[in-house]
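Dumping the structure here so I can ask a few things about it.
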Amino acid sequence: MKLFEFEAKEIIRNYGFSIPESILIKKGDDVEKKIKDSGIEPPLAVKSQVLVAGRGKAGGIKLVKTIEEAIETTKALFETPIKGIKPSYILIEKAIPHEKELYVGLVIDRNDRRPLVLASQYGGIDIEEIARTKPESIIRYPIDPFVGLRSYEARLIGKRIGVVGKALGSFERFLLTLYKAFIEYDAELAESNPLAYLDDRVLPLDLRITIDDNSLYRHKDFAKTEKERLGENTEYEIKGHELGLAFVELDGDVGILGNGAGLTMTTMDLVYGFGGKPANFLDMGGGADAEHVKRCVSFLLQYPKAKKIFINMFGGITRADEVAKGIIMALNETGIKKPVVIRLTGTNEEEGRKILEEAGIEVFNDPIEAAKVVVSR
Amino acid sequence: MKLFEFEAKEIIRNYGFSIPESILIKKGDDVEKKIKDSGIEPPLAVKSQVLVAGRGKAGGIKLVKTIEEAIETTKALFETPIKGIKPSYILIEKAIPHEKELYVGLVIDRNDRRPLVLASQYGGIDIEEIARTKPESIIRYPIDPFVGLRSYEARLIGKRIGVVGKALGSFERFLLTLYKAFIEYDAELAESNPLAYLDDRVLPLDLRITIDDNSLYRHKDFAKTEKERLGENTEYEIKGHELGLAFVELDGDVGILGNGAGLTMTTMDLVYGFGGKPANFLDMGGGADAEHVKRCVSFLLQYPKAKKIFINMFGGITRADEVAKGIIMALNETGIKKPVVIRLTGTNEEEGRKILEEAGIEVFNDPIEAAKVVVSR
Amino acid sequence: MTILVDEKTRVIVQGITGNEGSFHTKRMLEYGTKIVAGVTPGKGGTKIFDIPVYDTVDEAKREHPEADTSIIFVPARFATDAVYEAIDSGLKLVVVITEHIPIHDSIKFITYARSRGTTIIGPNCPGIISPGKSKIGIMPGNVFLQGNVGIASRSGTLTYEISNVLSKNGIGQSTVIGVGGDPVIGISFTEVMKLYENDPQTKALVLIGEIGGDAEERAAKMVEEKAFTKPVVAFVAGKTAPVGKRMGHAGAIITMGSGSYKDKVETLRSVGIKVAETPFEIPKLVKEVLK
Amino acid sequence: MTILVDEKTRVIVQGITGNEGSFHTKRMLEYGTKIVAGVTPGKGGTKIFDIPVYDTVDEAKREHPEADTSIIFVPARFATDAVYEAIDSGLKLVVVITEHIPIHDSIKFITYARSRGTTIIGPNCPGIISPGKSKIGIMPGNVFLQGNVGIASRSGTLTYEISNVLSKNGIGQSTVIGVGGDPVIGISFTEVMKLYENDPQTKALVLIGEIGGDAEERAAKMVEEKAFTKPVVAFVAGKTAPVGKRMGHAGAIITMGSGSYKDKVETLRSVGIKVAETPFEIPKLVKEVLK
């Protein structure tokens, strides 16, 4: 789960790292009153709180020199979609003049199985772009997860990207604070880009933290912004999320349902291979019962982009008879008629096939054949 | 630094381990009003908050059956010295009927250099006594300081001291909570003795936490009770503490000042060996300057138990001339006359000797000879 | 020979009395897996399918010192603790079926396992099977056939699909490992490949990849550097997956300018690995490389 | 030969520009200790006593790869970090002079040092000296004399006192180690004894103990089990110290029914170790055992 910039900054402020004064405006607030009451003084940065990358280039950050301009810009930004998304929050910060911008981030290194600090003297552009254009500038520093990041290591990393003097102590404190957030919030990613490098300190101009979804049960503080966060998804992705489904919206017209992520992706690939276009990714998961299958199938029946539906199921933990029952229930309950092509094999295949065929639904054993059929319909 | 029982219990309550309802009465409170207003219902345990061991046997814990009795007992306990100390706080807790009492504690194993869980099915008596009478009952379970105590280990320990059923889950939670306190409060010791073993849970009837003095800069929450805590020391120990001196009061009449703990203890031993009795232990530490030496010597001059003073100093980091200067300053500033015997050797010995001899003070080179002289005076 | 598990493997099932644990214990027993004990805290002293249940792995291991492997069906919130318990009891192989374990927990227990010499498969994996010898996982046993092709897969169901089509074409498997769908897993493709390289029974390798991460690229590098010398056939799921969206698995997401289908396939082909367009092409390609 | 340090030892001083650090660096140099670099964050690029100062141990070690030992004068709040830095830079011996380091920090860096093969002396110790060869500590160099008696001590000043009286009686020392006054220390009496046992130059051992803990009892056990076979003379400070009071050092406290003077002396004598009543008896006893 991606945190909003203002949430991420609140975390490091609570950890005692001092960052510029700011105010948060929520959609529906009296913008004028809130800005004036805050006593904040220009110059200011007015920042649209959206979770998409490249916000700056897309016009989501404006520098203003007067309070009047700040009010105007805030109102305008609420109405400005950034990559299709209108913000629910605007963050207004004291603008800090600076010349140099650094990059610093923490990720999990999949191969090393440990936290990895990434740092570069070139901030303000995507780390991928830095990696492409100035790979030698990127410091990669692995951290022992049991020992944690030590102060001396934070200093060492700062030195290696050219931070010197008083600012080095500030960089050290910032990186230790970021690491603390990374660990305590079970983050997959915690990065500041750009990190302003001033004479005597560093300042995170932007700050992004992504919490590992599997650990959300340990971090319930962000429930209040869940609705706004979901605003980043499409209408049907939000509905899917609310139903607890692993659903991703795509641009085609073939509704896809599989059991297991690999098989579901392969099903998409097969459809695509025969000239069809998947309308979505939907994985029913392992061990789905009839009730859960019904939920998935009903969802696709109601999902307007899916003009036809391809269900590809290889029984293992999941039983074919449960899937068959779920499909019948969904068709009956919704009453929606769409072409549905079903491939069923594996555990309890015979029972499943029987249930479907008795209801007059054709069942394939070979997924290639089924894919061809669904594309042709 | 030893925490009071009520402070230790507050910690684990804040960590979410549920313990019986209680109220804390401070000396000077309106006892009657406070107890009646609290709404707490008998039976109650009224517990004198003193830091000495063996409080129960010494009459510091009383069980009462009515509110009136609680009020009376509380008032009485405030006036009852426990091993010489009158309490500043009384803790009144709901009394929980129970049959079995366990012991569980966490210490640092000096030899293994790691936290060690000690647990026994026999609680309510000193762990030293358990160790003497039922050594086989004590479970010793070392913890990797980087990995920490795991839930399964807490359960394993509980099982080994005979905890079963629902109470085992409670024991697991309690021990994990105690370990958390042990780590987060940099404790040398965290123990519950007795830990009541009820049908469905365990409850710490007593709880003791001792914080490592070296880590107190990380734990400033206990400053408010510092004065009451010091009440456990003698008047001069409190004064010494306030001056930042490593001072321990003893029963003899020879004031002792050395540099280094080992040498200072050995100085005490020498005095004792020649029939004298040390009035104190006072270590000026390493690298003391004249100012600090003056503080130490002045303190002993004003300390009434010390009828004479023995200063034993082996110069290493500490310079003999600084020590000599400090002694002269103390004698001049206090104007107090007591027999002072000085042994001075090591770094800058000659300069030191000269300073003292010019002031008419005899200086010994041989500590044995000096010890004999101080005892004879 | 096979890798990691065979007919001599003796298994403890952690979480044996739960829904999933008991269901799959039954199926593993039916397959012939030697399960010697089960563990569920609070259920010690009972039996299930005639297998003794203990409160702790420590006790299970004491009563059954021959146990060398554990399979974990414990729910995510308690699974991390169960893994430490298995490692501390000295088991050599721990198969973590549980999904949704926080990644910071995984990196720690995997690091810890390595320091103790324990191999972790998973988390969020279907397990491991050496057909005809031992099945320690949740895969349907009937789709596998004993033989000489090793399989390493990031996917679950897709592995069954591919094993099934291989078996139907008469191509048996030495060992099939589902390494798991999480971004961080105990045993990686390259580590599995080291084992297959040294296994005389294994004559070829089928690698079932997915978008996201760089496991496939690392496998290719190993082939390039001749650290793996047996023929390899690969398949990568997610050809048509969009960028930046998580496709079910936490691990299957194209991010940070890496992990795309195209890059993976190109890298694999560049070192001479045959890449199948669909799972159903795999038997033909395997037959070719085994010729 | 001596143990742990000799004329080949090359030293980095951490905290070299501080009060204590610079004072003792000067005295170590005067003694002949080979100090190759100093470290103080923020002072990199400067020099002190002609010794180059670096911001990090990493840089110092890169410029002076021959460095194998560090001595730490960093204040307690930063000392833990300095120890990790020394260990991570691959130094083999780290002498921690700093006192007042929290014990939970010490147990962790000592555990970590062991896993990396680094020996820690201290914290809260006077250091180590092999007379005539190298002094890495804060002891006054002039009280030591090169010879064949090894010393291990829990005390600081008392060690100088005893070394002084030995030297004056013509009894020289191979190596003198102050293991430190904290309850938890990097190298213990028994670990030092293992080294002395294998050092041909060392013919006898003087053990300077204190009340508190069980270091003396463990030393006695080692003698009893013949894991240490050279003659031992011991002294224990704190004969007249009261129970339950901390005597200066955090380690010197009689608690939990253990650590008393009487118990220690009895245990030492029971295995044939000569225990001196005062430090000034030690030369006589050493002469006896060396006869």
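Structural remarks
As written, the chains take the letters A, B, C and D, and residue 1 is the first residue of each chain.
One rule holds for everything that comes next: a contact is a pair of C-beta atoms (placed from the backbone, for glycine too) under 8 Å apart; a residue touches a chain by one contact, two chains touch by 3 or more.
As the structure is a prediction and not an experimental result, all values here were calculated from the model.
Interface comparison, A-D versus A-C: the higher count of C-beta contacts falls to A-C. Chain centres here are Cα averages; for chain B and chain C they lie 55 Å apart. Centre-to-centre spacing of chain A and chain B amounts to 53 Å, using the average Cα coordinate of each chain.
Note on chain placement: the centre of chain A and the centre of chain C lie 27 Å apart, centres being C-alpha means.
For chain B, residues touching at least two other chains, in rising order: 146-147.
Counting partners per residue, chain C has 112 as the residues that reach two or more other chains.
Taken together, the touching pairs give a contact graph of some other shape, not a line, ring, star or complete one.
Chains touching one another, given as pairs, are A-B, A-C, A-D, B-C, B-D.
Residue ranges on chain D touching chain A, taken from their complex, read 41-42, 55-58, 78, 81-82, 84-85, 88, 112. Residues 107-108, 110-111, 113-115, 127-128, 131-132, 144-146, 183, 186, 188, 212-215, 217-218, 246, 248, 250, 258-266, 268-270, 272-273, 278, 281, 283, 285-287, 314-317, 345-347, 367-368 of chain B are the ones touching chain D in the complex. Those residues of chain D that touch chain B in the shared complex are 20, 23-24, 76-77, 100-108, 110-112, 126, 138-140, 143, 153-161, 164, 181, 183-184, 188, 208, 210-211, 213-215, 218, 237-242, 245-252, 256-257, 277-280.
Against chain C, in their complex, chain B makes its touches with residues 147, 150-153, 155-156, 159, 165, 168-169.
On chain A, the positions that touch chain B within their shared complex are 146-147.
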